[in-house]
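Chains here go by letter, A, B, C and D, matching the order in which they are written, and residues are numbered from 1 within each.
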Amino acid sequence: MIDHILEGIRTYYLEWLPFNKVLGISIDSLDYETGEAVVSFPMKPDLIGNSAAGILHGGVTAAVIDLTGGLSALISCVKFNEDATPEKIQEKLISSATIDMRVDYLRPGRGEAFECKSRVIRAGSRIVVSKIDLFNEKAVRIATGTATYMIG
Amino acid sequence: MIDHILEGIRTYYLEWLPFNKVLGISIDSLDYETGEAVVSFPMKPDLIGNSAAGILHGGVTAAVIDLTGGLSALISCVKFNEDATPEKIQEKLISSATIDMRVDYLRPGRGEAFECKSRVIRAGSRIVVSKIDLFNEKAVRIATGTATYMIG
Amino acid sequence: MIDHILEGIRTYYLEWLPFNKVLGISIDSLDYETGEAVVSFPMKPDLIGNSAAGILHGGVTAAVIDLTGGLSALISCVKFNEDATPEKIQEKLISSATIDMRVDYLRPGRGEAFECKSRVIRAGSRIVVSKIDLFNEKAVRIATGTATYMIG
Amino acid sequence: MIDHILEGIRTYYLEWLPFNKVLGISIDSLDYETGEAVVSFPMKPDLIGNSAAGILHGGVTAAVIDLTGGLSALISCVKFNEDATPEKIQEKLISSATIDMRVDYLRPGRGEAFECKSRVIRAGSRIVVSKIDLFNEKAVRIATGTATYMIG
């Protein structure tokens, strides 16, 4: 059943959230045990924030950090409600939300493809804190972030 | 000449940064004396991050907070280099960048149109810190943020 | 009864928390309606973090911002549990805690006396977010912060 | 000469900053190559912020995170000015300062002794960003933080 729910999270993110389509993200992995999530996306002209340098817009970086950390929070949400009905779990997932986020821009967002990895550093029944890193295809870390999520 | 440079910042933001076009922003005002900047944008399907609730994607909120605060930083950059040549000023503007940002999501991003206001809370020759608020058309504050920028 | 509880918060902060005594704080006001809190403290040698400049240690600034914002969170906690028994309210107060905090150091911490003001910018039954400012006796803002608290 | 300067930083921190004495910190290591810094301190009554639970005051946690990350920033400052005169280096060290900091309180600050470790995640000639973790004597991570410093 867990696989079914994780599949549901994946479908929801990729099919139902228009802005995620604008960003062009894929979900590479969701680890139910650890809460780790990996998201990737290719560079494309729409994501550029500095036309001279051809680098990612800082807003794209922030958006991807938020949504990847959010996947870790959703996994935690499922784990804390493992015994609930699917309807109850779905309700809790939908009412989960980001409370706050810090993003540190470490290097210019240069690259052809990007990978964003999140892990859970605080897993509570009400609050989840994720630590998130964004890398380019050469494994250069472009940005890092910490985000606090409320579990529905 | 200042008007010319502010017009240049406006054109650069609106014409040359593809992701700003994706977001659909307008620049409503740039105040050279105070560093205040006001950006607005209408809701549209592409910006949605929760299909059931029809609210702004948290990444859109973060992106607009970053770019509006960045306008205040660019105004500060011009002020600190008022006596430089236009070429030198342009060079400094282009090499300015966000160092870090905090976003607090205060209420669901519901609305038909949004306005984002930034003011400078620390104006240095090398570092600018902006405080930014995002409101909907009913003047409900949806999010607030603080961002630190490096001046080129 | 509310006055009694606010008095209890005040006594707890000032009498029972050793580190608050080290800092030498007073609680100037707690506003039950708005959640605003005002804390003050005089400069003293123990609080110095730069012997040459004679300015506040950044850790003192952070500590006072956290504890003042926490007072706003505790007031919110009482308001959301107004109808509970005093024992239940006390239990919730004690299990409230800071989740995360951002501090922006705007100017050197110079002064003879300091005042720290907090107001609530998000008041939920589980999460409170406070915005906090630290001023010196000349009303110069030395630092600002935002902190997220969990309500027990 | 580097050893001499690092020794100077150590002496300055431990002998000349009164609030560091209040906290009771030791500097366990400063790594010139990586910028890593390790600070430790024993629990003592003055540092308590919750008399019932006997845990660290959140302000102590924030203070130690700030000062440990600051050590990493000072090492970076020395590295970027390796060829300057000792007087010039000292001047740059003294005018370095924290710009902003985020602290995440992950678990209650329980313990008999604490260790705080910082590493540099962005090393620039003007800006240093440190990532800092606070552990108790059982290697339980109590808090984590990210701080941005300006190099004099």
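To be clear about the criterion, contacts are C-beta pairs under 8 Å (C-beta built on N, C-alpha and C of every residue); 3 or more make two chains touch, one makes a residue touch a chain.
None of these values were measured; they are calculated from a predicted model.
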Enumerate, in label order, the chains that touch subunit A and subunit D alike. B, C
Fit subunit A to subunit C (C-alpha, same chain sequence): the rotation, rounded to steps of 5 degrees, is 180
Subunit B against subunit A, contact positions shared by both copies (same if over half, else different): same
Could you compare the number of C-beta pairs in contact for B-C with that for C-D and name the larger? C-D
Averaging only over C-alpha atoms, locate the centres of subunit B and subunit C and give their separation in whole Å. 30
I'd like to verify one number: the distance from the centre of subunit C to the centre of subunit D, where each centre is the average of its C-alpha atoms, in whole angstrom. 23
Residues within subunit A bordering two or more other chains: 99-100, 102, 104, 129, 146, 148
For the protein chains shown, what form does their contact graph take: line, ring, star, complete or other? complete
Subunit C to subunit B touching residues, read off their complex: 102, 104, 106-107, 121-122, 129, 131, 141, 144, 146, 148
Touch list for subunit B against partner subunit D, complex: 99-100, 102, 126-127, 129, 146, 148, 150
For subunit D, which residues are in contact with subunit C within the complex? 16-20, 22-23, 45-53, 57-60, 62-64, 66-67, 70, 94, 97-105, 108
